[in-house]
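Quick notes on the structure that follows.
A, B and C label the chains in the order they appear, each numbered from 1.
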Amino acid sequence: MNRLTRSPLLWPLLALAALLLFNLVVNPGFFAVRIQDGHLFGSLVDVLKNAAPTLLIAIGMTLVIASRGIDLSVGAVVAIAGAIACNSLVSAPDPTSAGAAVVAISTALGVALLLGAWNGLLVSVFGIQPIIATLVLMTAGRGIAMLITDGQIITVDNDTYGWLGGGHLLGIPAQVVVAGLILLTVALLTRRTALGMLLEAVGINPEAARLAGVRSRSIVWTVYVFAALAAAVAGLMISAQVTAADANRAGLFIELDAILAVVIGGTSLAGGRYSLTGTVVGALILQTLTTTVYTVGIPPDMTTLFKALVVIVVFLLQAPRLRAVMARRRRPAPPPLPSGGLPDEAAAVLTGGPALGDDEHTPAHAPAPTASGTTGSGRGALR
Amino acid sequence: MTVSDTRPTAPDPAAPPPAGPGDRRRAWQRWLRSTTTGSRTFSVLVTGVLLVVLFGTGSARYENFGSPQVALNLLVDNAHLVVLAVGMTFVILTGGIDLSSGAVVALSTVIAASLLEAGWPAPVAIAVVLATGALLGWLMGAAVHHLQLQPFIVTLAGMFLARGLCFVISVPSIPIRDPFFQSMAQDVVELPGNTFLTYSVFIALAVLAAAVWVLHRTRFGRTVYAIGGNESSAALMGLAVGRTKVGVYVISGTCSALAGLLFTFYMLSGYSLHAIGMELDAIAAVVIGGTLLTGGAGYVVGSLLGVLVLGTIQALISFDGGLSSWWTRITVGVLLLVFVVVQRLTTRRARPGT
Amino acid sequence: MRTTPAGPADPAAPGAPSRPVVEMSGITIEFPGVKALQDVDLRLFPGEVHALMGENGAGKSTLIKALTGVYSYDSGTVTVGGTERGFSSPAEAQAAGISTVYQEVNLCPNLSVTENIVLGREPRRRGSIDRRASRTRARAVLSRLHLDVDPDSTLGTHPIAVQQLVAIARAVDTDCRVLVLDEPTSSLDAGEVAELFRVVRALRDSGVAILFVSHFLDQVYEISDRMTVLRNGQLVGEHRTADLPRLRLVQEMIGRELATLEDLERAAAHPVPSDAVPRLSGRGIGRTGALAPVDLDVHAGRVVGLAGLLGSGRTELTRLLFGADRATSGELRVDGRPVRLRSPRQAIAHRIAFSSEDRKAEGVVGDLTVRDNLLLALQARRGWLRPIPRRTGDELVAKYMAALDVRPADPDALLRNLSGGNQQKVLLARWLLTEPRLLLLDEPTRGIDIGAKAQIQQLVAQLAADGMSVVFVSAELEEVVRICDQVVVLRDRHKVAELDGATSSVDDVVDLIARGGRS
């Protein structure tokens, strides 16, 4: 029980459960899943289906955030991927053939790879802050997508391509299948290879990772490439669902939703430990919320308000945990010492006393940091 | 012998002579000396030169582009963005970011329009709008400072909240017929040479001037820069770090609300889908204006130039019938890239010891 | 535990006032599990430079923080100017005339020199900051210290030394009666130190009491009038500098009386065949500003100790040997073949391993499990695509956790929840897993309990006996002399001697550290 209540997933899971329960009350048929023409239908299936693009991007974002980064450009990549695929389709000799769809999808993914490599280059080689580095592509990207579509909404008619947005496999919507497969791949790739561990090491303590010989640069690069690829797949789904490329609106603000999903899922923006499960829960919360707003009959535009409220509630609920983490990390020096700070013999004293037990925990109990008054920082407020 | 006795009491002979006629020349020399490659003044200079080059190109290539009114229209069409960028500059100087500002602009237009529609007098509506902006800013600043949450995520929540509130108030666009707002939208100040400016431009320039004064002539302003330079040092120096950090978000929120009012004058409507992505324009203008996104260095005047550069690019593209509007975004992205890379290189070099 | 009676009560410097401006007495600060300071006294007299001496962990910084209001103390009194008072914040201490300049310059590099000096107390006129008055005030304080710095220049464009002096200028811009200098010279070169001392003397002569902390004995003897020595959080003694021979000072800091130095049991020496190629050989290895060129040979199966006080260059040397910092001079050979180490990865490829002295910042990945931390270096060498198979990993982890007696014996515990000693063992095991041929250990026994310490010492001896080469850095000379076959003595960033571990004593090393000459 103790373990459960301390799990970072507790509050997100409870929030999701509450949302689902609310839906059940409003709409008793909410949980019903029926099979029609061999396909699954029902509100829950819709939630999963509609959550898929955001979830995909959030998975990529989780890895980027774990490396102490952030990728603002994924929304633009969504637009570019859709634009490239549709453009490739309409200019193919036979726009309805499966071959044309394969070429279109491959081209889109190839370009996304380059875009991801570009972000990774700026971050890991040039050492530009991730938020700024990806802001460049975020700003220019949608313009590039418009350039590709020449400002038009390109409609396509290709069954193979359309399958990504409206097809089924074994009765399960294609989006759910694709997103599930990618989620599974990532989970296996990060947990069955050493990628996850090395990624977390880089995110938690980059200097220690460097001294241990971890190739931080290539790992960071890899996660940006993956984030762009995931965004491209999401972009293909979104475009396939409407069988068109809308460079202007496709994936608008999806990067923000993805970041929210990651944060709601309990992965800290500060990097390090990440939880793919949490991200899945986060993405589901956001989508269930949107669905709920529809179900209840509130104008769909107001979803953002509820999103904000849920985010605020989740943050406040998680706040004690944040506080505990901060209190543990902070030294008994004046509180906000992001870097530099006092030349710290205090640490030496704390760790250096004879027969001193647990030095990591000591600062939390050290004599009152009387300086908190001057800095007026949250430390005082947090205690 | 007591210690205090040893402090120099008389004016130090080595101190500079009192101000004289040579003072202005010395100030100029000082400025020149500080304007070395890579310094912030230099970045602003580069942005200024870029602006002149862009405008010159336009004048050379297109008929009528070089007319004074086209230049003044840069201000007329972007007065709201100037105010928004000024508020953003405060936040970015401390090393934070405010993603909510575009949404607060939209919220301001909606609040103003709906209050006026309900028959409230214009001054009251304006006061309510400004107060809402300040309140939202205060809430976000408090969350950033007291809960130690990241500015990015706090203002992201603020953005969703503000956008959501817009929809709560009104989903469709509300037209504005209030005489005061109408006059603000239509009345112009005639200038010599058959040119004009709107009142909004003067408001924006007044905000800019106030911001320059606050940033450079008040302790609050110096603390803003100090926090951006090194927050823990600022705390150790006994500066009011907490109050200042909350303060910059209040300023940004208020500026966003004021920008929303100017935008309302410009559009004469309140609409929840106004100003989507405007926060990105503001951030781009601030960065192009030479302010470091890591904080601590930059000038609001640079942000003004940044806004004008964005405006000129837009004007260039609209004058050229052959170029489509999306070239604006691409050009701005490329400019951002250039500035960010140059910033990176110069800050790397400026760090002593490396 | 005082080895000498507290210093003479008679301040006695001719011309010095008899009343201290600051008197701290009986200061005790307790952190859970350890008394950081125990019943410590400190007196500062106006017009005197007072050195606070002690090795790492002696409690110097804690005492300074108690004085300047960063920490509160559990018992004791602080008297300033004759009235008893304590400070609850640095600002309060500053208001009472006690200013501090830290080792890392705590100023804003993005602001001008003037702004940094007057920040937070700018002169104002009609609500605006009066820039002219600010500049005048900055000029006045700079010229009072005879500093030729352009007050309008940006602080960050100046070298650290100048920034340090500006920090002092800021400190004395207010009515400063006591100036605390916490290791101000650690990153300055000789010329810069001379400039700093000129300023310090000028301030001293104007009646300011200066508390000076430094690891450099030469500097302490050059500048200080009086010193207080701490060890393990306790007061060892207060002395007039002129009355305290260097040897005596080092003994007090390190904690051994000449007369009581025992013969230590030594590990059997590992002889080197005269024609053997050293496993690692450095010629003129150095880095500008950090370490003067050093020659060093490490043979197979030998433990080479680096002895010296903090800041002597011992850490800098190990970092250069691992490629953690790049050497700016010299040539390295591994097994006789020249190599260039530009990154830790390259060093690791040559089977070199390095355990940093700064365990928390450079070793521990706190939010990962013990298991992951153990496997990190090995996994990093294999690359992420070739994960260590679960079974192999488990076996390795179990083996090394048992061999090093890591407690709790739970591989899934987060490393940050372990004690310092056990964290250190995990970090050592992390490297042993990679089967290094040369192990660089920087202060592997610092801040860990006695039991763990003994285990690590035994381990080092065992590893060497098995043929590994070890470079062992420790502030505890006794430990260095006991474990090492060969002791390289460093002082003020220079190598001053190389001793045979089997035939030298702690006295020899202390002597070298104190005097700097060859014995």
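One rule holds for everything that comes next: contacts are C-beta pairs under 8 Å (C-beta built on N, C-alpha and C of every residue); 3 or more make two chains touch, one makes a residue touch a chain.
Quantities reported herein were computed from a predicted structural model and do not represent experimental measurements.
**Q** Touch graph of the chains shown: is it line, ring, star, complete or other?
**A** Shape of the chain contacts: complete, all pairs touching.
**Q** State the pair with the higher C-beta contact count; candidates are A-C and A-B.
**A** Pair with more contacting C-beta pairs, A-C versus A-B: A-C.
**Q** Taking each chain's centre as its mean C-alpha position, how far apart are chain B and chain C in Å?
**A** 45
**Q** When the centre of a chain is set as the mean of its C-alpha atoms, what distance in Å lies between chain A and chain C?
**A** That pair's centroid distance is 42 Å.
**Q** Could you grab the centroid distance between chain A and chain B? Build each centroid from C-alpha atoms only and quote it in angstrom.
**A** Centres of chain A and chain B (C-alpha means) sit 30 Å apart.
**Q** For chain B, which residues are shared contacts with two or more other chains?
**A** 230, 232-233, 236, 238
**Q** Quick check: what residues of chain A touch more than one other chain, meaning two or more?
**A** Answer for chain A, listing residues that touch two or more other chains: 334, 340-342, 371, 374.
**Q** Multi-chain contacts in chain C: which residues touch at least two other chains?
**A** 89-91, 102, 106
**Q** Sort out for me which residues of chain B touch chain A in the complex.
**A** Interface residues on chain B, with respect to chain A: 97, 145-150, 152-153, 156-161, 163-165, 167-168, 171, 230-233, 235-236, 238, 240-243, 272, 276, 280, 283-284, 287, 293-294, 324-330, 332-334, 336-337, 340-341, 344, 348.
**Q** Show me the residue ranges of chain B that touch chain C in the complex, using the header's touch definition.
**A** Residues of chain B touching chain C: 1-8, 11-12, 14-16, 19, 30, 33-34, 39, 213, 216-219, 222-223, 225-226, 228-230, 232-234, 236-239, 296-297, 350-353.
**Q** Which residues of chain A touch chain C once you look at their complex with the stated criterion?
**A** Interface residues on the chain A side: 192-195, 197-198, 200-201, 204-205, 207-215, 219, 272-273, 332-334, 340-362, 365-371, 373-374.
**Q** Help me check something: in the complex, which residues belonging to chain A touch chain B?
**A** Going through chain A, the ones touching chain B are 70, 126-129, 131-133, 135-144, 146-147, 150-151, 247, 252, 256, 259-260, 263, 269-270, 299, 301-309, 311-312, 315, 319, 322, 326, 334-342, 371, 374-378, 381-382.
**Q** Can you tell me which positions in chain C touch chain B when the two form their complex?
**A** Within the complex, chain C contacts chain B at residues 17, 21, 46-47, 89-91, 94, 97, 102, 105-111, 115, 119-120, 122, 124, 127-129, 131-132, 135-136, 139-140, 143-144, 150, 152-154, 156-160, 163, 170, 175, 177, 206-209, 289.
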